[in-house]
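Below are structures written as structure tokens.
Both complexes below contain chain A, partnered by chain B and then by chain C.
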Partner chain A sequence: MAGSAADAAALAERILAQGPSSYAPWLDRGPHLDLLERRALPELRAEAWRHTNVARWYEAVLHGTVTPVSSHRVESPAEVEVVDFADPRAAELQQLRGEETYRLSAQPITALNALLLGAGAAIRVPAGSAASDPIRIVDLPAAYQRILVIIEPDARVELIEEPSTYTHRLVEVVVQPGGQLVHRRHQAASSHLECSLVAVRAESGAHYELSLLSLGSDLRRNDIVASLAGVGANVTLRGAWRLDESRHLDNQVAVHHRVPGGTSRQTYRGVAADRSRAVLNGRIEIAPGAQQSDATLNTKNLLASDAAEVYAKPELEIYANDVKCSHGATVGAIDDDAVHYFRTRGIDEHTARTLFVRGFLREAIDDLDAAQMLGLIQ
Partner chain B sequence: MPERTSELADLVGQEHAATGREYAAGFVTEIEADTLPPGLDESIVRAISTKKEEPPWMTEWRLDAYRRWLSMPPPRWAHVQFPDIDFQAISYFSAPKGDAPKSLDEVDPELLRTYEKLGIPLHERARLAGVEAADEEAPQVAVDAVFDSVSVATTFKERLAEAGVVFCSMSEAIREHPDLVRRYLGSVVPKPDNFYSALNSAVFSDGSFVYVPKGTRCPMELSTYFRINAENTGQFERTLIIADEGAYVSYLEGCTAPMRDDNQLHAAVVELVALEDAEIKYSTVQNWYPGDEQGNGGIYNFVTKRGACLGDRSKISWTQVETGSAITWKYPSVVLRGADSVGEFYSVALTRNFQQADTGTKMTHIGPRTKSTIVSKGISAGSSQNSYRGRVRMNPGARGARNHTQCDSLLIGDACGAHTFPYIESKLPSSVIEHEATTSKVSDEQLFLCQQRGIDPEKAVAMIVNGFCRDVFRTLPMEFAVEAAKLLEVSLEGAVG
Partner chain C sequence: MSLLRIEDLHVEVDGKPILVGIDLAVEAGEVHAVMGPNGSGKSTLANVLAGRPGYDVVRGSMTVDGEDVRTLSPEERSLHGLFLAFQYPIEIPGVSNMEFLKAAVDAHALGRGEEPPTAVDFVKRARVAATRLQFDPDFLKRGVNDGFSGGEKKRNEILQMLILEPRLAVLDETDSGLDIDALQVVADGINAFRANSNAVVLVTHYQRLLNYVVPDHVHVLADGRIVHSGDRGLALELEERGYGWLGG
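So, the complex of A and B:
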């Protein structure tokens, strides 16, 4: 791995030399260029990349391993406004997302997304609307993508990210007061190297719900940052994953309680088989003064083979005293007693194990059909 | 100028000591000291080695550590903040003047008074003269007293020698038991393990050495009492405890320092080695000077403690009660190598005013069916920051291994912080790791209930905190548990608004 530190520098140099993409010229790329100038890209073994080899992803960026689809497919109900991210209207919507959302998504590798950006959509759900059909992000025709979602006050909608390929995808979400978003991310097994960041700002009385179903990839990294920025905001994050072969999934989640009276719930279930590696870093942060915050995180992991690896790091960072916070994490194997119990009732071992895994993952799945279709459960 | 500041510090110290609250151990002992000038280079390392009349291999060992230290960066990952330390401004050796005392009778009476004042009687006469039955039954504790850089006295050496137990200062061990020292020193915490362990390996001055032979149950509790007295010095003690096959030893450690406005560095290394069927119980009550109410002064307690369960069915248990120090950076850990070996970590860490603690443990499971238990209780008050940081790792081969971790935080006041950073790493399906953490405050209902029964709020909080810490206190030897509970109570005074 010698010289891998140079990879970040080499990549920065190359991108600076070729200049930023011409897509969505209204996007202010100054700070991102500056970040590359300062050589601030994470290097191999940076703490935030302990379990994911960031240099391998840089390789993918350098060599453009993703062949993007040609179609731009975003399906949405009539009442929802959807524009191409390059459209000047997207710039207006971007203004609405607020400074904080920008800060949330200002992670070093997001700079690469901004500089290489090639496709995207900006979505506005009008105040008070309750769409009956979900918004579906089917395909975006570039390796670097951006999705901006503004849920106006008291609007309700469901957003589905269908399995697709990208090198980096940024999803920025603002749920304005009283709004509700159910966000489903479906990630199929793939051989790509991909990173994504979901940055969410939930304002007062807003509900944001994430449901992640994933099968891992050659390298897949999901960053999720949710900020409870208004009194009484509610964030629910659920994730279920099952990895086999030598797939990799690294989930880095941070929930920030910024103001009083927020509630957050996180539930994750993961199964790692064969030579796969599953990572969950789940941080709960309670800011000074964010009293009466109520936050929990629960993650359970099954190791289904001798060569699989699980890393879990639930973190609490608390600066207010009148709060209820807890987290729980377990790592273990498929319960032999439970399998035995199945066997005594005439169910063969394979079926017993399958049922056990299904039951285990079920605790973090609220849409069984989608999970089944994706192949997450049988 | 330095004289005046020290006078002032004395006055402040006395005043605080007189009020009985706050930090009672904050006085300075006026004693002539032999102190090396501040600064660190190879000549200082050699000078320390020469002062301790060490053999050449030891000098080389130190120099090797020093050279490695030069190229190491200080760790910055802990959740603490402090200005960079000027390692050239610290004096690396300070010892009371005069030849090393050969027996307790030769120990400077001023020193004996100091320890008396701290509640650590070094004299053995009560025990030696006393023949009453009651006295015989009372638990006896052998003490190694470390004053600044040297061990000034070790008690009950003869009684221990009868049982074959070696309990002496590290300096003496290097002279008298070189084979054991060479074999085990640095075997659990290698010199370049981290920045502070490398520094310690280069300049460590004294500390305790314990060897408990095969099949021996150490006849009494062993303890070391560390005292920093001199100004602008760092204390770098080194402790090595070896429990041979089937041996058992319980070891207690206590520490205090005078109150000063400057920060002082304490960077110790403790290594424990447990062979087959051996058990080591290591308890600490850490009460270094925590700094004043504004966060000035106090000890930087940057300590590396690790035990190796080398033998099958061996057991190492760490218990710590941390109430002192401006900054604590400390992770007593266990490497579970032997099959069926057991590691335990019980911790109470209380921070208040501007104290910062980043403490926890690492349990590394290597052998099959190894077990570890972690119970951590953090209490934050005032404007303090209190973090638990721990790692549980199941390596391939640790079949059927188990870990259970419980870490709870209690917050008192709205300006403090409580944090939890557990790292859970498993590469083994047949092992089980469980981790739970909660954060809460002293509830109004609990307080109300106590006050209804005529218990004033301060006492009530002390009671509630005591209950919160009970799981840890019950693992301490009895006298220590009482001491620890008292210490918490004193530390909590004024913390409840």
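So, the complex of A and C:
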């Protein structure tokens, strides 16, 4: 049997042989080709992939399991500029972005996104605008997708990623000074193998808020990196997930406080039933000199069956001395006493458990209707 | 037919005998107080009536309105008219009192073969009960017992009793940990509930609540059996003399 290292290498070879995608030719794919040439794709059992079998995802990359939709489906308010990545204007928007919002060396599989890219939407929300309708990413017509979002100074908008199918999606977000973005990611249960990276830079006084609702899939990996890069930036990350059957959800989150006076809040609630596996790795990094940073991370998990697995790990790396930082992680079962309490009021056991789970998840949900529509809660 | 009839009830918890032959008959319209020292089995009696898992009836029977409730699930007992006010009500963050009560009321309506009340009617009813028990208007939106003080939790149990209108209410040390104002509110709630169509069993260590809710009968539980029964005077005597003189 071929080793998993061979899988990564074989994949690199195959992609180098076929050459990079010709979509959005303005995109500089040099570093990505270089990464593949150095055979630097993660191998099975790489530390960052402890809980997700990356070789299985490589298989999906090799065999192209996704059948993409035929056209861009992005709905947006009139004042918001949306262009296809194929349009040279997208290159100008990428210029507005400034430096990359993540480090390729820390997110190596993103190289595959660049090299195989088939669809992208570049979005600019003009300075000072306050759209009343959200931008909806309904679907993009390729297995490898990217979304670039520039929130110009003091602009406010909501971005919704509706459930869709991809093999890799990169979402780069820059919230310029004083801007505000509420970013909703809705992930339905699916049988696909998919990875995504959300990379955010919040500049001075900017607010970035993420609400992730997820049901997991055959293999689903969400990487989230958020930098507080300007004084007084504010990042709020919320995630609620409920997995059943043998679904898999691996969330790897890193919040970097790079300058003083930033605030970050992270709240996650997860429920794992049947033979599912749920992962939340949450790292907070406070850079030297990032004084008066205020960071919290709270994750609570319910194991709803003996065969389910939950991995919840907060990690702190603090290089400044005047900071407030707290974290908490719990894993427990559904509270039998609570279920009994419900039942003594005439509520049957199934309903009791449903109410309990809903109440539990709700602490990390701010849009109950969306959660209900997705089937996350009943 | 007695509303509640317990005969020769033996209960074990983890294989350990706790109740060793309880006989008790409660008629509609009556309030019975079950008193006794710590560890006498009072809470076990309350919990076994409500069907708490782990409390095994090894002998005897307990019937409510003639139906033996031993084989009924906790929710079936509730629908059959049995209510337990918990000594330690459970906190359930994320589930509002509104949702919790509505789910309970709906289950009871469906159990009777009726349509559940509309949200509007239900809220009206719940507000009346909340006001009676001196809860703030935001009570319905708060999580069930979430961050409640001891007194608020006990008042919430009485509120649930008023809304569910059980045939038989078993109140497990509802008076413990209450200050005098909260005790008064709780007592008013119980007195408002009292009717010829229902019955109340007050499980309590102290007779203080009985100054406000006057029982028809008082029983003393010791070492898993009722060792003495009498009228209200017995409670007063217990307050004066303690439990020591009764023996096992």
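In this section, the second predicted complex is superposed on the first by the 370 of 378 C-alpha atoms of A that agree within 3 Å, B and C clash if a C-alpha of one lies under 4 Å from a C-alpha of the other, contacts with A are read in each partner's own complex, and residues count from 1 in each chain.
One rule holds in what follows: a residue touches a chain if its C-beta (ideal position, glycine included) is under 8 Å from a C-beta of that chain, and two chains touch if they have at least 3 such contacts.
The structure presented is a predicted model; accordingly, all values stated were derived computationally and were not measured.
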Looking at the combined model built on chain A, do chain B and chain C fit side by side or clash?
fit
Which partner does A:47 reach: the first (chain B), the second (chain C), both, or neither?
first
After the superposition on A, what does A:305 contact: first (chain B), second (chain C), both or neither?
first
With the two structures laid over each other on chain A, which partner does A:324 touch: chain B (first), chain C (second), both, or neither?
first
Give one of first, second, both or neither to describe whether A:363 is in contact with chain B, with chain C, with both, or with none.
second
Which of the two partners, first being chain B and second being chain C, lies in contact with A:335: first, second, both, or neither?
second
Output check: A:348 vs chain B and chain C. Expected answer is one of first, second, both, neither. What do you get?
second
Of chain C and chain B, partner touching more chain A residues:
B
For the overlaid structures, how many degrees, to the nearest 10, lie between chain B and chain C at the C-alpha centre of chain A?
80
Where does A:313 make contact in the superposed view: on chain B (first), on chain C (second), on both, or on neither?
first
Shortest CA-CA distance in Å separating chain B from chain C in the superposed model
15
As the complex stands, chain A meets chain B at residues 47, 288-289, 291, 301-334
Contact set on chain C toward chain A in their complex
50-53, 73-75, 77-79, 83-84, 86, 89-90, 92-95, 99-100, 103-104, 107-108, 111, 143, 160, 164
Where on chain A is chain C touching in the complex?
335-338, 340-349, 351, 355-356, 358-363
Which residues of chain B touch chain A in their complex?
77, 79, 394, 396, 409, 411-441
